[in-house]
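One structure is given below, represented as structure tokens, and several questions about it will come after.
First chain written, first letter: the chains are A, B, C and D, and each begins at residue 1.
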Amino acid sequence: MKIFRKLLLPFISLCAFLVSLVIGTVIILLNGDNPLVAYGALIEGAFNGMSNLAGTLSSATPLIFTGLGVAVAFKGGMANIGAEGQLYMGGMAAALVGVYLPLPGFLLIPVALLAAFLAGGLYGLIPATLKIKTGTNEVVTTLMLNYVAILFTSYLVNYPFKAPGAPLGMTVNIQKAARLPLLYPGSRFNVGFLLAIAACILVAVMFRYTGAGYEMRMLGRNSIFSKYIGVDVNARTLQCMFLGGGFAGIGGAALVLGIQYRFVQNISPGYGFDGLTIALMAGFSAIGVIPMAILFGALRSGGLTMELATSVPSELSKVIQAVIILFMAAQVSFSKYFTEFMTGLRHRREKKQGTGGS
Amino acid sequence: MPNIEYAVEMTDVCKNYGLLQANKDVNIKVIKGEIHAIVGENGAGKTTLTSILYGLVAPSSGNVKVNGRPVKISSPKAAIALGIGMVHQHFKLVPNFTVAENICLGQEPLKSLRRVDKKKMIAHARNISEKYGLKVDPEKKVCDLSVGLLQRVEILKALSRGADILILDEPTAVLTPLECQELFKVLRGMSEQGKTVLLITHKLKEVMEVSHHITVLRRGLTMGTVKTSDTDEHRLAGLMMGREADFVPLEKKPQEEEKITFSIRGLQVRDSFNMIKLKDISLDVKAGEILTVAGVEGNGQSELVEALMGFAHIEQGQVLVDGEDIAHQDVRSRRKYCSFIPEDRMKTGLNLAASVHDNLLGGRQRSPEIRRGPFFDYKKSSRLAADLVEKFNIKTAGLDIEASSLSGGNQQKIVVAREMSFGNKVLVVAQPSRGVDIGATNFIHEQLIAARNAGRAVLLISTDLDEVYALSDRIHVLFDGKIVGSFTPDSISQQEIGLYMTGVKGLEGTA
Amino acid sequence: MPFLQTLFGPEVFAAALRVMVPLLLVSLGGLLTKQAGIENIGLEGLMLIGCFSGFVVNYYTSSWIAGLIGGVVFTTLTALLFGVFVISLRAHEIVTGVAINMLGLGVTTYLLRAIFGVKGAFTDPRVQGIPTLDIGFLKEIPVIGTIFHKQSIMVWIGLALVFAVHFMLYHTRFGYYIRAAGENPQALATSGVSLLRTLYMTVLIHGVLCGLGGAYLSTGYLTQYVENMSAGRGFIAMAAIAFGGAKPLRVFFSAILFAFVESLSSRLQLVQVPSYFALMVPYVVTIVVLAVTSWREKQKSKTRVI
Amino acid sequence: GGSGSTPPAGTTATGATEPTQAGGTVKKVAMVCSGSLGDNGIFDMGAEALKQAKADFGIEYEILEGKNDPSLYYDLLLKGAQGFDMVIVNPGYQFESYLEEVADQYPDTYFFYPDGISPVEKDNIYSISYREHEGSYVAGVMAGMMTTRTDFPGINDQKTLGFVGAVDTPTIQNFLQAYEQGAKSIDPDIKVLSLIVGDHNDPAKGKELALTLFDQGCDIVYQAASGSGNGVTEAAKERKLYTIGVDTDKSPLAPDNVMGSMLKNVTKSFYDAIGIFVEGGTMEKVQYEGLAKGWTGMYFSPEFKAKMPADVLDAMTKTEEGIMNGSITPVDAKS
């Protein structure tokens, strides 16, 4: 029975996934394409061959960080919709270090990452502080702070740190030494991915195996109880928002140091918001964030191939993504009905065998 | 028996929660016009069964007949249509609505333009509140009421709908003796008018007092229905627990030491509306003593507990543990000397969304008992949790399931188990056996006595006079934020102490 | 003081009113779901659907009324989809909201191409703009005149809806049910009111309001459709809702405030404030005002004397 | 081409006579976009060029959209480089760091780097950049002269002009500064009020800003705001005042209120480049062009041109000559 419970959720999410694929199929058919070709291309573009896989994983990397950032904050009871802004701040900080700081290579990357973490974390502290000091709803403040961060960084790269001659606000390229080492040449798949995995494991361990993690977990679910068992609620709130913001910030660094090699205004197409979705779909589990982020990465980079191979336009692959998200989100309730149905069957069987079944 | 009319007949009712079976082929027949009690240990499936009847929970299988007609009760709306009403064990009230709005919810009186008539609502609420002798201010917001008052609102809400079949799920858990008597009068009146009452309670005394028939559930199975006049508390208890109920009378060893462990000096506390709730409270609890603060809900017990727990700001006064003032320490440091059993287990005492294991560990997250180096050691912690589950026989499907899925009584046992396990020298205990079955109640009482005998200082806050008399060495009565009298159990009768609790006596003493 | 004239002239208020209405309508919709206990970040997507469907229907019928109705119908259908997942399938509301946003953007962009064979922007003389209400006598009055005469009909409808929603929430049974559903669904259900019916009706009404807001944007405020033209208004609406504590009148005022600060911030650029900072102003102001109000509420709840 | 003779979006472009095929094999061209089509700007104009080129030169083409997701750019560029003879890297600067590597891997592929000058020197990378400032200067001259022609319907005597930009980037500054310079060259007292939308696709706000400017006494508003610009056009139509369109001919939207459009003729430039490529002609490694090649410049719909005062049109033509022979140098904000 334990096994049964353990296997249940994966099984259900699989079903949900399949349902959404069916709907996707209908959409593709309506668009006058062959679903097999389309999905074939999607999967091939996402996973077939090292270079495609590398593409998938490299676009998953920033998503893991933002997803983790959101997950940490939510687990601690802060509804952090602000990963996007924290990502911008982190990316900017990393870029400045990467461009201007005259450091030897082995130091440059760690310092840049640290800067990104601090920038994102501190930016995350703003809504957290507002919440504990004034009781301001963090959903709104974090949301608003996204726009502020985007505008602020845009200003920086259009005025003080503008690359001369650039037609768009951007910094000059970062030093070669600041680039995250590639894991697969001919792609942007870099050590950032490993860092992301490490971060997730670290957080998972913290939550499961430390007092601080325990307190944050409790706080996220019931602040009164936490206070009652002696948790310093304010301190913990600040801490998990700092952590969350920090990881989102590193997401920005991964983008700048690992992919774009410079900060360009509006650098993120919404990794922060995807991070939110990913974290929610992963149920705020730090480990769960990894497969979800990879799923998103696959949909993105596989989407390209699909758009090439068929007449399915980019916006339709967006729709298909949306449908998948919808059904993944609905899985939980599916699972509830499913279990109770199974238990009913079990009971009926037991009755037939005459055992009361207690 | 030929022409007996049954108001309710439930046959082979099953309910599965996930992997757990709350009801297994439950059968119950309730004769029209009788008061029918349902008893059973915590988790036996009483609430589930009645929730099915009220359309709150969909049965996995089984048939329900009301007034002889087979029915599918798919929603409370349907149940209400069948003339069924219910008082819920866990109150179902809207926090930001007023008492009146809660009582009228779903059947608001309308005036012109189909507007809701607020005046009428208030008048209506006031009427029935007086009619049934359960006093409560109709215009107060529910979120500002104490548990006791909430219970009254919950009951009034059900009564005001004039149901023919009324289900009451542990309505008396937080009522004073007088209120209970009032309520029972009402119930008897209903049954005389041919209305049917289904009463769930853990207080067998009450069951014997008011009911005509009693159905006993155990672990989701029906143990049968008996005529009240044919049985007694002892036999019932045995039927419920499936073993001989052998309650050794709790024996207290005489206090020898006179050392004062815990004392309160001139305590003053305001509530969230800045109203003074406790005025100049002073008391001493000796080592190896159980001091009870008895009183009707809403007279300051809640504030007292909160102040001691470090939830409410202490305006004046001291809280001394062995002479050290902890009045302004944070919760964590207070927990070094004190354990608290809060009156509200749903929000404060438990994290319902967390696992049983995590709930049992609360307060220990920093202690070496469950760590290896800086990290949790789940072997240790699970063993610790398992021991507590075992020792306090908490009925749960496992350590890793959500506390929310436990029955009320078992939830309470988690709180008690955790707080007892610290072995602190001061215990602040509020309503420890609220909603807990007799077995568990008896067990919790044993634990408290044991703590006392071990020389700990226990401050008990309770509205249940049986409990008060069973446990206390001394009793303080709290009324309107003041201590209006102190007694020893043998020096005063329950009736008389009731008068102090309701302010009929005692005020002149302190004025 | 030409400078102050620039910042606070009556035109500013007229502009604020114009800018406010789409925001207001969507906020009114969103506050209903919020009151019913559903946090909806899909407002952006719903609004976009409203923009598009309103525009398309208007295009084919050349009737602004038909356009509005069309916008309302399709948006409400999308809202229903949201409802099915959140209410019946118990999907996480924020995830669902995100999906609705993606869906809105994707579907509208795709259909824009499928129907008109264009990408990006589309406009056509066939589209009949929602008329403005020219109130003669108002024109005479100095300041009021500049602000109120010649505002779109939807401005007036929007204002009326504020009070309609307020009335519904606080003076009808259904309003009581909505609020109860938000605070304690069990309490509502056990009182014999069908929770599903209440929630679904709420979601539908909220769809209607979002549809109006969207359709107004593309056929009243403008008479053109541009890809993703809701441009974040759905998110601002969320802020307005939180800021107004999901209470219609207060949300109305916060919508006005936002709109006013918005047009103020544009004018700040005229007095040489770098655009990036000028554009920040609305967001920063929101945060500050929100913080201040929350803080004052906190104080009040501490020292309220009865 | 002088003002008025400049055609809209490269319809009569060089070599568009009859479909030709260099070397028989069908040339395959990929346009790799950082964003998605529907930007009312460089992507859509690029797509238009490809469509025309397909018709005229019989090329095959694919458009790969990056959805503004940097993590896809590398793949995108690779996919473009694989199996295509020419890759339009649009806009080049978004793909700079990848191009450096990919251009080496595919030496035979011809990389076309629009809207900027590639900092990396490679034999197979060809940059083109646009002198928006040249056309904008001319627009400024026109507006400067027109804003006091009170005999012209709607025009007031105030010497105030307006400008609405999408986002405050160097490119937009390039439009703005030259426009202002041109206007002041007519009368130093002329004020140019500029407002930034902060979004490429927010016509509502674009309209709001334009109305604001009209309230401030502007009678001519120059728009460099892609999608948001459509709002500006609508505002002009509503107030019966004037806007100068940008990128493409905007007069269809409001024939009487679009006082010409400053074409940033990306379509033409792409089309020409493809033409040269297909016919195996040689192309400069770096082209930074404006009026001379007709890549930027004012265009009027015939109807509106008929309304324009002759002296204004002459002045514009003179200015254009002056810019081309170097006697006039508009400010270049991009470098």
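Worth pointing out:
Assume contacts are C-beta pairs under 8 Å (C-beta built on N, C-alpha and C of every residue); 3 or more make two chains touch, one makes a residue touch a chain.
Please read these numbers as outputs of a predicted model, since none were measured by experiment.
The chains that touch both chain A and chain D are C. Among the other chains, the CA centroid farthest from that of chain D is the one of B.
Inter-chain contacts peak for the pair A-C, counting C-beta pairs in contact. Work out the mean CA point of chain C and of chain D, and you get 35 Å between them.
Chain C has its Cα centroid 46 Å from the Cα centroid of chain B.
We define each chain's centre as the mean of its Cα atoms; on that basis chain B and chain D are separated by 76 Å.
For chain D, the set of residues that touch two or more other chains comprises 168, 198.
Within chain A, the positions touching two or more other chains are listed as 151, 154, 158, 315, 336. Listed for chain C are residues 109, 232, 274, 276, 279, each touching two or more other chains.
Chain pairs that touch one another, listed by label: A-B, A-C, A-D, B-C, C-D. Chain contact summary for the complex, chain B toward chain A: residues 14, 16-21, 24-25, 60-61, 219-221, 309, 311, 330-332, 335, 340, 342, 347-354, 358, 361-363, 365-366, 371, 374-376. Contacts from chain A toward chain B in the complex involve residues 1, 5, 205, 208-211, 214-215, 217-218, 221-222, 224-232, 336, 339-340, 343-344, 347-348, 351, 356-358. Those residues of chain A whose C-beta lies close enough to touch chain D in the complex are 51, 55, 58-59, 61-62, 151, 154, 158, 162, 164-170, 173, 186-188, 255, 259-262, 264-267, 269, 297, 300-301, 304-305, 307-308, 314-315.
Those residues of chain D that touch chain C in the complex are listed here as 37-40, 44, 168, 193-196, 198-199, 201-205, 207-209, 211-212, 215-216, 227-228, 230-231, 234, 253. Interface residues of chain C, counted against chain B in their complex, comprise 171-173, 175-177, 179-180, 183-184, 186-194, 301-306.
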